[in-house]
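Order of writing sets the chain letters: A, B, C and D. Residues in each chain are counted from 1.
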Amino acid sequence: MIVVMNSKATQEQLDQVQARLKEWGFEIHLSKGVERVVIGAIGEKKPVVIQSLEAMEGVEKVVPILQPYKLAGREFHPEATLVKAGPVVFGGEKMVVIAGPCAVENEEQIITTAQAVKAAGASMLRGGAFKPRTSPYAFQGLEEKGLKMLAAAREATGLPFVTEVVNPRDVETVVEYADMLQIGARNMQNFTLLREVGKARKPVLLKRGLSATIEEWLMAAEYIMSEGNYDVVLCERGIRTFETATRNTFDVSAIPLIKRLSHLPIIADPSHAGGKRYLVEPLALAAIAAGADGLMMEVHPQPDQALSDGPQSITPAEFGEIIKRLRPVTEAVGRRL
Amino acid sequence: MIVVMNSKATQEQLDQVQARLKEWGFEIHLSKGVERVVIGAIGEKKPVVIQSLEAMEGVEKVVPILQPYKLAGREFHPEATLVKAGPVVFGGEKMVVIAGPCAVENEEQIITTAQAVKAAGASMLRGGAFKPRTSPYAFQGLEEKGLKMLAAAREATGLPFVTEVVNPRDVETVVEYADMLQIGARNMQNFTLLREVGKARKPVLLKRGLSATIEEWLMAAEYIMSEGNYDVVLCERGIRTFETATRNTFDVSAIPLIKRLSHLPIIADPSHAGGKRYLVEPLALAAIAAGADGLMMEVHPQPDQALSDGPQSITPAEFGEIIKRLRPVTEAVGRRL
Amino acid sequence: MIVVMNSKATQEQLDQVQARLKEWGFEIHLSKGVERVVIGAIGEKKPVVIQSLEAMEGVEKVVPILQPYKLAGREFHPEATLVKAGPVVFGGEKMVVIAGPCAVENEEQIITTAQAVKAAGASMLRGGAFKPRTSPYAFQGLEEKGLKMLAAAREATGLPFVTEVVNPRDVETVVEYADMLQIGARNMQNFTLLREVGKARKPVLLKRGLSATIEEWLMAAEYIMSEGNYDVVLCERGIRTFETATRNTFDVSAIPLIKRLSHLPIIADPSHAGGKRYLVEPLALAAIAAGADGLMMEVHPQPDQALSDGPQSITPAEFGEIIKRLRPVTEAVGRRL
Amino acid sequence: MIVVMNSKATQEQLDQVQARLKEWGFEIHLSKGVERVVIGAIGEKKPVVIQSLEAMEGVEKVVPILQPYKLAGREFHPEATLVKAGPVVFGGEKMVVIAGPCAVENEEQIITTAQAVKAAGASMLRGGAFKPRTSPYAFQGLEEKGLKMLAAAREATGLPFVTEVVNPRDVETVVEYADMLQIGARNMQNFTLLREVGKARKPVLLKRGLSATIEEWLMAAEYIMSEGNYDVVLCERGIRTFETATRNTFDVSAIPLIKRLSHLPIIADPSHAGGKRYLVEPLALAAIAAGADGLMMEVHPQPDQALSDGPQSITPAEFGEIIKRLRPVTEAVGRRL
């Protein structure tokens, strides 16, 4: 940690900062420049330290040197982690393709879709039973009935499934049915929920928050891991920017960055990132080329009848076409579908 | 609602869109331009309609005409709403000043602070008992013990208090102690929590999410109100932008915009918006000049010993100074402190 | 164009808006809903119309239906455009790879780099002679001497070159030497400069502005084209967002979006987008997979001696490695390097 | 400057970095932590140094300690600067109010407006003769004829005027007529133009770029000042964010921040910031309360006939009303109109 004193800091203020650092167990290196005094403090530990120092008189800024995430970071865990969800493995040579509707609407819809996406090459099913909707008047999901339908679809196809959990109270129920728990973008900093899934013994798919930095995202993973659940897979799904031509801005750089900073697998969701059917294919291709470990796509038998996210949903036939285009690119980067 | 067909839409696609609109009970007006057909659909009701239409073949875009929030909007509720929290009234001529530490640390700290801010002119106390922290290793709050301390401070000073609730399970407990429930920025779209406080019979202070649009913010208020709790006060606390010189970008325009779009009171939090002690005063002044109904400021007896948010906390003495500067500006805009 | 009247608009205001529309030659369709009157105006022509209407009493908003760019748009020019710069063709089956240093520093540096990138597979050379630098104290480029060195490098290798022009006064000089003129991100809305290169008879590489929407970018292309120069190639190079882990956020979605909205070729600059050497390869792969017509990369023989943009520059050897990895992905999407 | 080595940096890489720093004349302080080596380098001078260091093997990041702007910064120039433009002084006790139309349209319009705004309390006239428009098909201004009309309005009213210059070639002409030169938001990093006005002997009004950080803005001022022109006034006019309810997001925090970091005066433009007529008053009030040295507002006799920016223009009568509301707030913060 580096503490930069401001240009008008007095000797007394400098002494107080040094005393505080020593009290906290830091070793100190002082550099006196012509215009600034800079203190190098070795041994940084607690997050509170930075805020307290910045609140001291005479301090201009505090620059942390070490990353605040330890369990999620690659520094102390250099080899890549493989996360298993039922028969599926994230982070290996084989790309994981998750497909299914935004929301489970009825048993026929989810079973038909599951069969169709399996036939086209998906290895996992997705479908929402608990839906976080921006409008209180929109369809909110079938809840436990939806989970049962997902389980029936798994029964019928052998595909494991991932589904979102939005209420800490529902974690237990969802764990009973699902192969993997999804934390949605709007809940990425719902710390109560993160702790709860951290205690669950099921892998977690952690979507990036709409305006979350890479660091905050890894801190959210750290929350889950700090409760003992190390099976976390990250999912880039676009961030909020000034651009309105797309629903979100797909931050493809996040894929290689996460690979560098963390040992956790990362997949991409081209459906939510672009928000338009015609963007699913190019964004899926881009994600794979950039090193993603998998993809999650919204597939609905009749997008214009979907109870949510119709404009970004593709049909099973379109999904099949995309899979065909993905195959050569996947192989070109040394992996397989 | 306006449906714009794309330039290559066929007559068949146009017929299908019209049929769907009629099926949903819309009255239709067709405008055929040289390059585009535009359909005016009168009677818009359900949010799902827009998404379904956008997913139809031949549709370029759908432009909603009416605001999606009904209870929170000013259209059907032209007169301003007054919200009472204990003896305090939000939205009236008198400005509400809420002050207190980020987190309750111990009884002495909170009582001393309450006495000091009351003496300086605060009308309400704030203090966190349940803290949502980005790091799992940071101080997470004293929970129910913290609530008891806040109640003791109210006892000692007569100041009602507002405190954040982060877990739907804790709403009942917080309701027992607090005069007002706060929904923090990171939980603005935690719909489970919104519904829960919507069922509670206590007023709610709803902070704007870091990357929430004005419309999403009012939709979050709508969630609470749709459960029967109409006592919602909004709080602007800065949004996330590219600028890093401030912790967030204080969106002062949100104040007059909310006043125009909604009948709910709105206050500002200059402490979180700027993230720096020296910005609290100018941002508080700006908020009041722009029409805010109140302010919420972080005050800590010793900012550099605070367990959280030290850099943006001011001392009771500094708070007193700010109140002095606020008084003439408050009167200049025709209100009082 | 759709004109939405506000809910309190009087009949008189409605009459005035209609009169104005007729005066401008629009055909009018009126839709009266329960809460709003909506006017469909057919025949939209001039940009000023929208602003004038929005300034009229009783008008809530004006929604344009047609795209404001005509020459750059695909609507009236459905087939893709090929742009030639010397022997190189943008937009065809063959990917264009432009490589070279950020700034021309001396003749040896530029000739050596040109030879190295040619050997590794580049088809065009880049190098700055006029440098727009954020600091007035940073290296500003060798100006005409730099252009001569670039010409010497072309002589030595046969590679055509593209170079930035920042001052309208220099356009003539740059046209004399260069095969293609670059408009940098900071000048994307320097309309004087756009007009000037629009009059030049050399192709233009138009980089996206840091905070330019897709529409503004295409309007900048429209500026150049409206002066008679139709040879415009777009270059995505990252936009400014809240994320600080990368220099900019590479908006890979812009590639398929531009392909859909415009007939102009589009390439990507993974060096500026990421700002880090280790991001060049994954972003280059992503761009190609998403459909880019080419790439522009910063290559410097000794990045740590570069007079600008060292952290994002790669060595010729690294460039050669990247080309090797690009080849299979390029072929997988049906194109060639 | 602080150089942080990455956790895998070798001793050889560390030696090379130290050698390079010594070569550049830095004094070195080494701090070896358990996980990182950190080098404090005293004497930082040239901007290129940081980039070169970041490009060296083994370097994780470089943290600059000193601000890159010297002439614009408050550090070496603690007292506030007063800038004179004709009879008007920016930065003193008296607030400067600039008003006038977006564009000069004809002599009658500009003279009438000048008389009206003068009567209502304006101390300076604004009006565009050279207009930077996003569409090549929009009205581009009357050029020198417009300047003559502005001069006639000054003649008629005694109000000095400020007008935008967009082309380096026009600086000389504009200097001949205007009392102050305006650099528009889109040209804030048009370095050629900045240098040109830096050579002019007229004060400059430098608007903040749409996505410019505070630091980049002060660096743009530094460009002008480095050419010898110290009479720079900054103007906050809103930044680009995800929020679409306003044209831009008015960053009111920029006012106190600039006051802290720089000695230059700063004014605000509530018309462009909000983009809506009804936001001009509250944003003007907020700016003054936050410490602005003045305001610039768009006033047009008939906003719905304006050739540009109608929706944000107010009438002279509305301007007069706003001035009345501004007066008590201005006095409340210890200044005068």
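Assume contacts are C-beta pairs under 8 Å (C-beta built on N, C-alpha and C of every residue); 3 or more make two chains touch, one makes a residue touch a chain.
Here the structure is a predicted model, which is why all the values come from computation and not from measurement.
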item: Interface numbering overlap (same over half, different under half) for chain A and chain C; value: same
item: Chain at maximum distance from chain A, centres defined as averaged CA atoms; value: D
item: CA centroid of chain A to CA centroid of chain C, Å; value: 31
item: Euclidean distance of C-alpha centroids - chain A vs chain B, Å; value: 26
item: Chain A-chain D separation of Cα centroids, rounded to whole Å; value: 38
item: Multi-partner residues of chain D (each touching 2 or more other chains); value: 211, 240-242, 244
item: Touching residues on chain A, where the partner in the complex is chain B; value: 20, 46-48, 51-57, 68, 132-139, 166-169, 186-187, 189-192, 195, 210-211, 216, 219, 222-223, 226-227, 240, 277, 303-311, 313
item: Residue ranges of chain A touching chain D (in the complex, touch as defined); value: 2, 4, 7, 29-36, 38, 40, 42-43, 63, 65-66, 75, 211, 240-242, 244
item: Chain C-touching residues of chain A, taken from the complex the two chains share; value: 211, 213-215, 239, 241-246, 249-253, 255-257, 260, 273-274, 278-279, 282-283, 285-291, 325, 328-329, 331-333
